[in-house]
Amino acid sequence: GFAKVDNHRNLRQGYPEVVFCQSKTVEQVVAICENIAQKGNNVLATRATPKMYEAVKGKLSKAKYNKMARVITIENEKVRVDKGYIAVVTGGTSDMAVAEEAAETAIALGNEVRTVYDAGVAGIHRLFANLETIQGARVVIAVAGMEGALASVVGGLVDKPVIAVPTSVGYGANFNGLSALLTMLNSCSSGVSVVNIDNGFGAGYLASMINRM
Amino acid sequence: GFAKVDNHRNLRQGYPEVVFCQSKTVEQVVAICENIAQKGNNVLATRATPKMYEAVKGKLSKAKYNKMARVITIENEKVRVDKGYIAVVTGGTSDMAVAEEAAETAIALGNEVRTVYDAGVAGIHRLFANLETIQGARVVIAVAGMEGALASVVGGLVDKPVIAVPTSVGYGANFNGLSALLTMLNSCSSGVSVVNIDNGFGAGYLASMINRM
Amino acid sequence: GFAKVDNHRNLRQGYPEVVFCQSKTVEQVVAICENIAQKGNNVLATRATPKMYEAVKGKLSKAKYNKMARVITIENEKVRVDKGYIAVVTGGTSDMAVAEEAAETAIALGNEVRTVYDAGVAGIHRLFANLETIQGARVVIAVAGMEGALASVVGGLVDKPVIAVPTSVGYGANFNGLSALLTMLNSCSSGVSVVNIDNGFGAGYLASMINRM
Amino acid sequence: GFAKVDNHRNLRQGYPEVVFCQSKTVEQVVAICENIAQKGNNVLATRATPKMYEAVKGKLSKAKYNKMARVITIENEKVRVDKGYIAVVTGGTSDMAVAEEAAETAIALGNEVRTVYDAGVAGIHRLFANLETIQGARVVIAVAGMEGALASVVGGLVDKPVIAVPTSVGYGANFNGLSALLTMLNSCSSGVSVVNIDNGFGAGYLASMINRM
Amino acid sequence: GFAKVDNHRNLRQGYPEVVFCQSKTVEQVVAICENIAQKGNNVLATRATPKMYEAVKGKLSKAKYNKMARVITIENEKVRVDKGYIAVVTGGTSDMAVAEEAAETAIALGNEVRTVYDAGVAGIHRLFANLETIQGARVVIAVAGMEGALASVVGGLVDKPVIAVPTSVGYGANFNGLSALLTMLNSCSSGVSVVNIDNGFGAGYLASMINRM
Amino acid sequence: GFAKVDNHRNLRQGYPEVVFCQSKTVEQVVAICENIAQKGNNVLATRATPKMYEAVKGKLSKAKYNKMARVITIENEKVRVDKGYIAVVTGGTSDMAVAEEAAETAIALGNEVRTVYDAGVAGIHRLFANLETIQGARVVIAVAGMEGALASVVGGLVDKPVIAVPTSVGYGANFNGLSALLTMLNSCSSGVSVVNIDNGFGAGYLASMINRM
Amino acid sequence: GFAKVDNHRNLRQGYPEVVFCQSKTVEQVVAICENIAQKGNNVLATRATPKMYEAVKGKLSKAKYNKMARVITIENEKVRVDKGYIAVVTGGTSDMAVAEEAAETAIALGNEVRTVYDAGVAGIHRLFANLETIQGARVVIAVAGMEGALASVVGGLVDKPVIAVPTSVGYGANFNGLSALLTMLNSCSSGVSVVNIDNGFGAGYLASMINRM
Amino acid sequence: GFAKVDNHRNLRQGYPEVVFCQSKTVEQVVAICENIAQKGNNVLATRATPKMYEAVKGKLSKAKYNKMARVITIENEKVRVDKGYIAVVTGGTSDMAVAEEAAETAIALGNEVRTVYDAGVAGIHRLFANLETIQGARVVIAVAGMEGALASVVGGLVDKPVIAVPTSVGYGANFNGLSALLTMLNSCSSGVSVVNIDNGFGAGYLASMINRM
């Protein structure tokens, strides 16, 4: 009885409850996952350690794990959005963990996802080599740390919503993601909005919500 | 020739060029507006002073002005989005200027807009009194200064995208909008994303983009 | 003789000395607790590690430990405040450690405490489901991290003092509690005041002081 | 119809609606005050300019103005709290405007108020000269800018709730009240809580709420 | 005698003394300019108001003024660097004042300068339309406010030193230039270094120093 | 040859070289100490770990270690300042490590030192109980974390120079010493100046310098 | 009766009360000055506007004004410290106002003062040209904005106490004095301590206190 | 296929791809290095742990490692810049790791490098003892933490470009390099520009780029 699992949310919001594993114990995570799965709902658990996955897997054998994304998923009923795809773009290779959290979330919510990784603006030819994929998407998630300039450049190239995810990747004057956060909030490209630093889940969830429209 | 007006954007992005009047001279604003209007495009100019409006009106008689929003519009061709409406909600009466910038932008881009002002969470019955309007929208713009809690509460009540606009309204530890900005970025409600402090235009533009989907 | 234990405070302020264990050694904590208990006073020690508890327990067998709250208590004389109860409300499950510190403090000082955990504003129906408990209290302690919006919503629903405790729970733009702190300081709800980030003790102590009036 | 005046609050919270005049026009302030006074409620309007007062006075002849506090009051029905007095203490003479806002608020809400101004800790004999007044209060409001040390010293001397109000008075490394705010939040004295920088109203309102208990 | 004019610097550093007019009186500026001109040296005065220019012009008739750049120059002896040109690129039209300060400085120091204004990354085709000019330069000065992404994109396109100048242009979360500053410091493009916010002079001076090599 | 040991400083400044051990290897510390001791100079090494002490002791048997202060000293020639004593006062017990660094430094430089620990302003009677010691000193070092109010109170009680040392002790809104630092810089008491957070050495050195006058 | 003038401080601290005019009215300043002068004490009033001076002069004809320093002084009894001189050094010409406040304060308190202005480290030969004056002083006040490096360089050149005064002079990343403040607090030169940004008075007062020893 | 190695950059920018090892796995680093070496290109890998070096060495026997710099280099073809040397100067011994990263980078890119370590401004005679080396360079890299004053002093002594590298070395109010960063950005010496905190690589790369001109 320690946490109020909200099984009504499935009806109210069109999506099942999502488990945020950070600062929970392995026992708590297992209990919450079982509770959700029991009702026949799909499970999506973010910020899950390998230990948590193993414990969940022990109880719920359909559990899958994306290690880089740190995401556990259990698919009890098929969800599909037939509306084109979501593109997830990153500036560098070290932004990939956050990008995978976004991608796994969007996939779990039934969306097709295409990824373009390590396409940062410091070598803009890498971005242009993937322009078709980016411009063909219905929603773009732009994930970048350090300078965070990716969101603006992408925002100027597409006429679809761009969800910017600043990452804490970097050192020095990035101040744990502050530099990318501020850059993205100040984007001069229209159609760009921002979620919390490292919040891949939030970006994937919102992208799915928009893609369903 | 001081600014490169981008008449192709109308084609490329589906929307005309928008004029950001802040830190431009009256002469610059008039010249840019004329340039756009000449091509038969609609004009949307934000952060415009009454002086700027009068000067534009002198040249382009169809110009209209929303004083609170500080927005000039010229409608040369009708644009209509037939997709339901966008709701604009504010926490207090002093957030209304930013909200109006958002609303005027969305209207200029062809959307129906419904507003719920002064419904901040400190007196949450005011929000519930307008729940139907808020839950009926396809996209919600939540505008709030000071504590900025509005975005989270609204985000928890709707299953549609919420665009949060922190405002610089307040004093003391709001540090010119920082408090509302951080609160909104940390929202635990899924489906919430954030634009720059006081960026009503950005919210209205993105809301329109999503509403068209 | 390293620390001046203030046994007069019991008389001067109506409460015994409280031990803040953080950055003290196990030896120091034991010595201070013994010194207080020797005078027949009650002991309240916060931020105590399990190691500290075991060492204290070895000397003072009446010692009790709330692990989540990290609080050691020894009751040598009964203290009771017969004035109704204090409500402790949290936004999420991860704010519970701070909430328990507040609750244990208030209980040690003789108050009745009722808790409502995981009732954050992102799912406001969880708050309303407990409205009676919250509105029936003489003082409310609102504990929340991330967006910290809980304090404002609660403040608008009750006409009793609300003590807001920001927590450092979260990531990214919460900047170790700064986001919740600023939100709470900017609360538009009257009757809300704020203590330091994670300062459950301070909130519990102040709530007790008010409840005694 | 621009602002939802909440006449029910008088019943729900035991206090009439309060008008926050900052960033409102003179016309708006007059309209809201008339609306409140019409129902026979008392009026309390903070951050009011002399111009606003004159305009209100023109319509509502019972209006009074405390210029230093920038507060307008209209007493339509007597409110009295018969519970002892609230002490308002300031560090310096330049904190007096904020202190007067607190005092006027508490008085309007029916409390007796005693003030001890310019008693900052840099000359602690000035504080001790008024110790009896401070220790005799049921609630103390400590108003200080710059170093903000007053709250801690007062908190250590009384066993009653201390509401700390940091002010933006000062220069340099006070960073518009940040130094006093942080100091007060870090107070080692138990029973101290903090409201927003310069928020005299909030302190007065909370003090009254506590004094009524 | 109030300021030590350093006429030896012409010899020691290869450049004449430069006058920084901000927070000097008109009288001080005139006196310093006269002192320099008297020795036959060239004069370069930055942050000069129109009033200062008029006063200097009254004494030294060869004085010229770039109003947008706020720069006064007096050319007493020809200085020419025969080494190709310096490109000055801006993100928006409102960055032009800072860009002109950089350009005027570099020109005064004998360099050829080519400018590409309003070519921000939000419409990256504007940058590519000027790629030849940018890639042909020996040094590039990239001036941008808000998101400041220009420096990284330019840095990735050229193999010459890029001097990034963040500007204070913008609002909200740009925090007076902080966003552009942090972005530029975090640039993933090699060959990029940064000067102070709005420091067009510093960029022009350094560009000239490098161009002379 | 990795570090330029400055044996002339003994002559130039009247004090021997001081070794700052933080971020040096054990080998480096030993080598520098030997180098200094060889010339017959006294050795003072701060931020030294027990490991470093053991290694130094192995080579230089006169070495002494104050574990709480983390200071190694070797006295090769007697230094005495016959001028009265320096008082070192702390707010809490957890500030003692920094205070001991200050005290050890001052003692090594030949001064008499008297300490008053755990006398913070939250229980001001503890300060007054030691008033004679504090007021009798020629220089006072005030060491405090959290609220940092100690420096102001002490500054108001003595007419001698007060050197304030903010410490990083605390949690939450102390932001690693920022709160105490800002408080101390804003002190309204005349005669107070501030050194870096946790810089006990700097305070002890300056106090000695002043005491010698 | 609005302010408690502390005529006893003359005895207790050896110095008369000092008037801080900022955020006081002209009437308040005049009243306080008269009150002090009446007792035969010397008057020192800082941050005084020309208007305040004229009003004081009207009542107290011995009043003198240093316009750059914004300091009013009235000498009723001679105070002289016969102990050598205090040196006041500035980095640039724009730091002179703060330096003059320090100098006037020290002079009013009876000290001999020698000034070395515009000797910043960017042209270190200017500092060396005045080395004798600087090294001959008993205390040095180093006043600098922007980079604030002056304090460290001076601190390394003298073996006397250096009081560092950061100024808010500059622009951009100086963030109103923050850059100079942090630099000075981090000084690696021993014997350097810091007062508040722009606090010339505090530096002059402390320098005098040390010079008297 | 996880990272797009950019072998064309060798042609486009005149330098081979550089590997940034931080937040990469040992396997990723080895794979990228092999990929680059296979094409006959030189390898430069920064922020490499000893473990990474051993793994690379296992596959590519020509690999060399500078442990302090944390840099791996493989020289497949000789690169030489015959243009004079680059000077790398540090303030303290603890800045040497960052300085070595800069030096190794510049050497790998074909430059001659001369180093002057531990020459901070607190003992300015150490800087002057090496003046000839510093003034003889074509580019100077100034590396300093804490107060960061070195860049300004060096900038004033040379008429060549100075690249300032703030380091995170220090404690307290250096706030992980912020103090040195701000100081360097505010440098009053012309010709100084700044790279990210601890970014030795960026400084070495830019210095090489300038030295080639």
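Order of writing sets the chain letters: A, B, C, D, E, F, G and H. Residues in each chain are counted from 1.
Here, contacts are C-beta pairs under 8 Å (C-beta built on N, C-alpha and C of every residue); 3 or more make two chains touch, one makes a residue touch a chain.
Only a predicted model underlies this, so the values are computations on that prediction, with no experimental measurement involved.
Undergrad: In contact with subunit B and with subunit G at once: which chains are those? Just list them.
TA: For subunit B paired with subunit G, the chains in contact with each are D, E, in label order.
Undergrad: Tell me, which chains sit next to both subunit F and subunit G?
TA: D, H
Undergrad: If over half the contact pairs have to be identical by residue number, which pair among C-D, F-G or A-H is the repeat of B-D?
TA: Within C-D, F-G or A-H, the interface duplicating B-D belongs to A-H.
Undergrad: At what distance in angstrom does the C-alpha mean of subunit E lie from that of subunit D?
TA: The computed centroid separation for subunit D versus subunit E comes out at 50 Å.
Undergrad: Can you check how far apart subunit E and subunit H are, centre to centre, with Cα atoms defining each centre and the answer in Å?
TA: Comparing mean C-alpha positions, subunit H is 27 Å from subunit E.
Undergrad: Could you put a whole-Å number on the gap between the CA centroids of subunit A and subunit E?
TA: Spacing between the chain centres: roughly 42 Å.
Undergrad: Starting from the mean Cα coordinates of subunit B and subunit E, work out the distance between those two points in Å.
TA: The answer is 35 Å.
Undergrad: Of all the residues in subunit E, which ones touch at least 2 other chains?
TA: 123, 172-174, 181, 185-186, 190, 196-197
Undergrad: Of all possible chain pairs, which ones touch?
TA: After working through each pair, the chains in contact turn out to be A-B, A-C, A-E, A-H, B-C, B-D, B-E, C-D, C-F, D-F, D-G, E-G, E-H, F-G, F-H, G-H.
Undergrad: Could you pull out which subunit A residues touch subunit B in their complex?
TA: 12-15, 18, 138, 159-161, 163, 181, 185-186, 190-197, 202, 205-206, 209-211, 213
Undergrad: Taking the touch rule as given, give the residues of subunit H at its contact with subunit A in the complex, in rising order.
TA: 2-4, 6, 9, 22-24, 28, 166, 168, 177, 181, 196-199
Undergrad: Residue numbers of subunit D touching subunit G in their complex, please.
TA: Going by the criterion above, the answer is residues 93-94, 96, 117-119, 123, 126, 169, 171-174.
Undergrad: Please give the residue numbers of subunit C that touch subunit B in the complex, ascending.
TA: Those in contact with subunit B are residues 91-92, 120-124, 146-149, 152-153, 155-157, 170, 172-175, 178-180, 182-190.
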